[in-house]
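Attaching a single structure in structure tokens format; questions to follow.
Chain lettering (A, B and C) follows the sequence in which the chains are written, and residue indices restart at 1 in each chain.
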Amino acid sequence: MASVFTAPPLADNGPGYSFKQTPTTHISADGTRQHSFYPYTDNGGSTLGISGADFTILAGDTRSTSGYNINSRYVPKLFKIGGEGPEHTGSSIVLSVVGFAADGDALKERLDTVVKMYKYQHGKNMSVAACAQRLSHILYNKRFFPYYVHAILGGLDEEGKGALYSYDPVGSYEREQCRAAGAAASLIMPFLDNQVNYKNQYIPASGYGHDLQPRKAELLPRNTVEELVRDAFDSAVERHIEVGDGLQMMIITKDGIEEVYSPLKKD
Amino acid sequence: MNHLPQAWGRPRDDVYGAYDHSYFQTSGPKQSTQQPIVTGTSVIAIKFKDGVVIATDNLASYGSLARFTDVKRLRQFNKSTILGFGGDVSDMQYLDRLLLSLAIRENYSSYSSASDDTDDTSNLESLNAKNLHTYMSKVMYRRRSDFNPLWNQILVAGFGNDEKPFLASVDLLGTTFSSPSLATGFGAHLAQPIMRKVVPDEASVANLDKETAVQTIRDCMKVLFYRDARSMDKYSIAVVTKDGIDLKEDEKLENQSWAFADRIKGYGTQVV
Amino acid sequence: MVGKDCVAIACDLRLGLQALTVSNNFPKIFSYGDVYLGLTGLATDVSTVADLFRYKVNMYRLREERQISPQTMANLVSSSLYERRFGPYFVSPVIAGINHTTGKPFICGFDSIGCIDFAKDFIVSGTASDQLFGTCEGLWEPDLGPEDLFETVSQALLNAVDRDALSGWGAHVYIIEKDKVTKRLLKGRQD
């Protein structure tokens, strides 16, 4: 079945409307017509994660789109993983997924089951590092029919420090300080480089030419990070049509997961 | 026609060429739906303080041909859930059979297990709209992952675990979402803006009464009939409340306004 | 980018053939009296269009016996590009300057066939435009003085081109005020 996977519709036929799912027809040189079903769509939106000394913040907008249509103004992209029951009581890991929402939901449920089974079988909570590697394997297991999502996983590591892992759709992953994903990733990421990792910032009058000292990146306090996240999304909303409606934030600390919702522009 | 019975009822070879038997092949590669054939257009629905109103017209089109004019595209499930189907009608009928078997299985098992410990079967926990939507999303997502999609977009209306009105959508890719008002197909362009004026957000659902909700849906059906070429003026409407479902399947659009038509060429009122 | 009584215009220095870097000293900003024109896109068209406007602006100055204003320049660029509506120059220009009669800052951008985008805040163009939209929208604020504007425009450009594989290799930044223009060369990342 994997070999049946077909290439996405050519880029020259405009934005990926959901109603593009009506027959994608290829006409060959000999005049035969082949209809094909394309199993993916893009539901837009953006996510963002930043880790600090003793916390991790994940954020995502709550708009769901197909083409130029807004499906809904509130479809969360952030999911608690593990914990007790359907409310994930006592959970300390958050997964954010952006891209094809149906794959995102399927992926979330797979990972949630794995983390819950781990608790039942071993009698202890799964560490973020273990969960991160397991997520990579889940994604790579579908290497030839991928989950079409950019995932970001957040939690606290075994020393209690903020931990953040980002993934590509086929499971290659990396622990990072900050990461933006989704439709407005290209807008948000350079802003984060500058404001979180202090890229291209130097200490004034610290030397001439190559002696000039770069400003050292430090772990940011929680309220600074929250402000940066809001600024990043306010900027993205202004310049990207698929981002908007609401901002959902999850802050993971040693006391658990705090969820904050704030409105974004709805236009 | 000749005297050979195998040729009777078949296109004549001398006129149409040899008959292509490949269409009747039962062996060979597995086939799956790659495009919808007989289709239903928009489904629209809106939540209000005590429940959900949902509607579709009664038309099944074959391309641009209005082929079947009495097709019911709202389906009741259990006592308080309605599903509205857009897209391929044969896939809808398959899902109808699937849901029937699910209902029989589910109600039989819950009835017998409940009667073990109590005689009271009146407030049995059966599948509610939220449970059914989850079930539908798994069916649809599984079929798309097998590259054999069920070519529908479905709205599920009823109540959730919290007894609050529930409305959600699932489509042929398994994509799911929920909103105070939902519309499929052309309705997403024409009806959704009208409905969003009435319920812009979840909070405003609590302030919407049944009469306004029903009237909004009826207005939307009229707009859809005016501007969606694949629609019809006969429609079904269902009001889902705690007291049960009020399903009407033979509604006719009323108070249509064609006053503008006599000034426009193409409506048959002008000869030259 | 617009500031208080000043404007800034900046560009990177890379010239590439797809992924292959051909030159690391290819400025994309050209001056026409007090008006500055930035050009991104197909390099041969960048040179051609820059020379074409040098000719046109010189002719304007000789005929009118005065410098061209940024607004006039904008309309000149627009009509010249639209002249080639069905065989366009593959460039997306940006104009920055201060109008010498009103003293007000002026910026605008164009698509390759001359549709003008008048903006009150900033204009971006080129392969890193997505990234530039993000950094500019995040860093810019109204009424920046010349020094703050220089810092803002430089940070916006450098951080944006660092996230674009096809841009970078240093930058030129012009800060235009009523009575002076400051040009600074930024080293930036050389990879």
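Following the convention adopted for this analysis, a contact is a pair of C-beta atoms (placed from the backbone, for glycine too) under 8 Å apart; a residue touches a chain by one contact, two chains touch by 3 or more.
Just so you know, these numbers come straight off a predicted model, no measurement behind them.
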| task | Considering only C-beta pairs in contact, identify the chain pair with the most of them. | result | A-B
| field | Centroid comparison with chain B (C-alpha atoms), farthest chain | value | C
| remark: CA centroids of chain A and chain C: separation to the nearest Å works out as 34
| message | I'd like the Å distance between the centres of chain B and chain C, where a centre is the mean of that chain's Cα atoms. | response | 54
| task | Let me have the rounded angstrom distance from the C-alpha centre of chain A over to the C-alpha centre of chain B, please. | result | 33
| remark: By the touch definition above, chain A meets two or more other chains at residues none
| field | For the chain A and chain C complex, residues of the former touching the latter | value | 184, 186-191, 193-195, 199-201, 231-232, 235-236, 238-239
| note | Counting only contacts in the complex, chain C reaches chain A at residues 130-131, 133-135, 137-139, 154-155, 158-160, 162-163, 188
| Can you list the residues on chain A that touch chain B in the complex? | 1, 4, 18-19, 21-23, 35-37, 39-41, 43, 64, 66, 69, 71-75, 100-102, 105-106, 145
| task | Within their complex, state which residues of chain B touch chain A. | result | 32-36, 137, 141, 144-147, 149, 169, 171-179, 182, 185, 188-189, 192, 201-202
